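Following are the structures in question.
Both complexes shown next keep chain A, but they swap its partner, so chain B is in the first and chain C is in the second.
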Partner chain A sequence: MFSKEKYKKLVTETAEKSPLFRDCFFAFTVGGGICAAGEGFRLWLLSVGTEEKSAGFCVTLSLILLSALLTGIGVYDRIAKVAGAGTLVPVTGFANAVVPPALDTKSEGLLVGTETKIFSVCGPVILYSTLAGGLYGLILFAVKMLGGTL
Partner chain B sequence: MSICYAFVIGGLLCAAAQVLIDRTNLTPARILVLYTVLGVFLGAVGLYRPLFDLAGCGVSVPILGFGGTVATGVSEAVNGAENGFSAFLGVFISPLSAAAGGIGASLIFAFVISLLFRSKPKRMTSRRNS
Partner chain C sequence: MRKRIRTLSKPVKFLSAAAVGGGEEGRGNFGKSFDFLCPDDRFGEKTFERAEGEMARLSLGFALKKGKIPPEDVGCLFTGDLQNQCAATSLGLLSFGIPTVGLYGACSTCTEALICASLWLCESPENSVAAAVTCSHNSAAERQFRTPLEYGAQRAPTAQWTATAAGAFLLGSDGGEGMPEIREIMIGKVVDGCSPDASNMGAAMAPAAADSIVTYLRESGFEPSKFDAIVTGDLGKVGSALAEELCFNEGYDISGNHFDCGCMLYDFSKQDVHAGASGCGCSASVLACHFLPELQKGKYREILFLSTGALMSPTSVMQKQNIAGIAPVIRICGGEK
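Take a look at the complex of A and B:
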C-alpha cells in the first residue's frame, strides 16, 4: 500500500521538472499576444461604431470559435504544450476545455456521451462563477434592503 | 496604448497561472475556477472596471473577465431592480445570464466541432491531461 506522502514523494521525484522561467516566458508572450490581438480587434470594432458591450462579446465569440476550430483540427494542443497557461487562462482555454470531452465521448453516443461530458471541465467554472455571483448578489440585495448602495 | 497594457497585463496573468501550475499541484481546471472567482471578487470590490478601462482585453479575455462580467451583470440586475422582489429574483437570474454569451458560444461551437471532427490520439507527453 502506498501512503499519500510516499506517493507524493515518488511523484515529485519522478515527474519531469519543467523549467519555470522558460514556461513563464512562453505563457507570458502567448497569453499576452492573445489578449493584445483581442484588444486590437476590440479597438477596431469600437472605431467602426460597435457599442462597447457588443464589441467585447464579439472578441470573446471570435476567440472561442477560433480555439474550438483549432482544437478540432488538433493544432491547439500543440500550441498549448509550449504555451502552457498562456493558452489556458485566456477564454480560448475555456473553449479548449469544452471541445475535447465532446470529441472524446462522441463514440458513446450523442446523448449519454457528448451531451453529458461536454460539461466535465467547464462545469466547475460555471458552477463557481454562479455561486460567487449569487453570493455577491445576496450581499448587494441585503445592502439594498437596508437602504444603502454599494 | 491599451494594446500594450493588454499584452503586459494579460501576459502577467498567464505567467502567474504558469507559476501556479509548475510550483503547486493545482490542476488547470482549478486554476480556471480560481481565476473566475477572482474575477467576481475584483468586480465586487470595484477593481475590475478600472482595470478594464486600462487594459481592455488584457483583463476581459483571460478567464478573469468571465468572473468580472458576472459581477457586473449581478450588480446591474440587483442595484438596478425597481423593487426588492425583483432584486431578489435577480440574485438567481443574473449570474448565469451575465455569463450566458460565453457559455452558449462555447457549448454550441463545441457541439458543432464534435460533429465535424474526430478525437485525435493523445500523446503521452501532453501536459494538460489533468
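Take a look at the complex of A and C:
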C-alpha cells in the first residue's frame, strides 16, 4: 500500500479545489453590495434629518433584523452558499450565527435547548468583543488618569 | 490462505428488502424505486431525530409486508444509525418488540448488520428470520456532526451529502426462492485515513475500502472481473477515484466494474450534492432499490458489496485526530433460477 505521505499527496491531487476566482468574485460583490445598501440606507436616513449617530445604529440594527429574518425563513444559507465570506464578514454574518442554533435547539426546549445553545457558533465573537470593550475602557481610564484625551 | 474471508455454513437469502427516503432522494436516480418518500424529510414527526426513527420503523414495516412475515417471526434485529448512542433505530423500532442488537460502524453499518444477521442465521434452526435495518437523516446528521441547519457556510467540493434514507432487509437461511443470497463475509479492518478533514470523508475511507477489496481478491484468488459489480458504500467522487488508484497500485484494476452508492443515489447533473451521498442509509437504500432487484432479475450474477464507514466523532475531529475508515465485505450471488 501507499505510504502515508504519498497518499496525502495523492489526495491533494485528486480532490477538486474550491473555485477561488468565482468564490472571491461573489464574496466581493455580495459583501460589497450589503455594505453599499447599508451606506445607501444611512445616507437616506441622514437626508430625512436623522442624527448621524442614530443613523449608524439604525443601519446596523436593520441589517441584523433582515438577516435574522432571512435566516429564519431559510433563505440566508442559500445566499451564503454562493457568497461565502461576502455574507459572513458584514454584521449580517453575526445574525446568521445566532439564529440557526437558536432555531435548531428549539426541539430540546427553551432552557436546555435554545437558551443554552444560542451562542454556540458566535460565542468567540461575543467573548472577544466583550474583552476588547473592557480593554478599551481600561486604556481610556488610564489615559484620562494621566490627564490626556482620546 | 483465507485468513479473513469466511464462507457461510449455509447461504443466507434476502427474503425481502425495503427503502424509504426524503425529498432529495426522491429527486435522485432511484426516486421511483423507494417504497416511500417524504418530500419534507419530517415523516410526520416534530423533530428530525424522531423522523429518523420513523424512517427505520417505516422501512422495516414495508420489508415485513413485502416478505409477508409477521414481526413475531423475526428472531433478531440488527440495527444502526448515525445519531448519538444509536437512539434513532433503538427508539424507532421499539414498537416491533424484536430482540435487538444495536451496531455502530458509521456509514458501514449496513454491511456490518448484514454480516451479523448472516452469522446469527447460520447458528439458528431452520426457518429462522433475521432483520437488518440502518438509516441516516441529513438534518439530524448535520446537527450531530456539523453546523446548525440554517447557518450559512460554504461546503467544500469534496464534502458529501448525508442521505435521508433507510433500508431494511429480512434474511433467512431457508425460503426466498430466486432471491439473492449472501455466501461469504469478510470483516473490515480499521485503517488510518491519514487526515482529520471531515469535509473529505471519501479520502479518509478510500484506504479502508482498498484494503478490503485487495485483501478479498488476494485471498480468494479472484480477478475483479469475476464480479459484475464491486460496490462501495459512500466513497463519493473523490474517494472512488482514490480507492481505484490504490487498488490499481496493488495490481487490481477495478475501474471497469466499480460502482459507488454515494455516486449513484443522486443525479449529479441536477442535484448540488458536491462529492456525492453518504450515510448509513445511502448504501442500504441503493442495495434495496437497485442492486438486489437487479440481482433478482439476473442482470447481475454476483456482486461484492462493501459499505464504507468513516470512524470519528465531532470531538475527535476537533482534537485533530485522523479519521479512520472501515469497509466490511459481503459477497452476494443472484438467486438460482
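The criterion applied here is as follows: the second predicted complex is superposed on the first by the 133 of 150 C-alpha atoms of A that agree within 3 Å, B and C clash if a C-alpha of one lies under 4 Å from a C-alpha of the other, contacts with A are read in each partner's own complex, and residues count from 1 in each chain.
Criterion: a contact is a pair of C-beta atoms (placed from the backbone, for glycine too) under 8 Å apart; a residue touches a chain by one contact, two chains touch by 3 or more.
Values in this document were obtained by computation on a predicted structure and should not be read as measured data.
When the shared chain is aligned, chain B comes close enough to touch A:33, but chain C does not. In the superposition on chain A, A:125 contacts chain B only, with no contact to chain C. When both complexes are overlaid on chain A, the residue A:7 reaches chain C alone and has no touch with chain B. In the superposition on chain A, A:79 makes contact with chain C only, while chain B stays out of contact range.
Touched residues of chain A were counted for both chain B and chain C, and B has more of them.
Touched by chain B in one complex and by chain C in the other are residues 18, 23, 71-72, 74, 77, 80-81, 84, 88, 93, 97, 99-100, 103-104, 121 of chain A.
Partner chain B is touched in their complex by these residues of chain A: 18, 20, 23-25, 27-36, 38-43, 56-57, 59-61, 63-65, 68-69, 71-74, 77, 80-81, 84-86, 88-91, 93-95, 97-100, 102-104, 106, 114, 118, 121-122, 124-126, 128-134, 136-141, 144-145, 149-150.
Residues 2-4, 6-15, 17-23, 28-29, 31-33, 35-37, 39-41, 43-44, 55-58, 60-67, 70-71, 73-75, 77-79, 81, 84, 87-88, 90-92, 94-96, 98-99, 101-103, 105-107, 109-114, 116-120, 125-128 of chain B are the ones touching chain A in the complex. Looking at the complex, you find that chain C touches chain A at residues 46-47, 49, 143, 147-158, 192, 194-195, 200, 203, 207, 210-211, 237-238, 241-242, 245-246, 249-250, 275. Only residues 1-2, 4, 7-8, 10-11, 14-18, 23, 71-72, 74, 76-77, 79-81, 83-84, 87-88, 93, 96-97, 99-101, 103-105, 107, 120-121 of chain A touch chain C when the two sit together in their complex.
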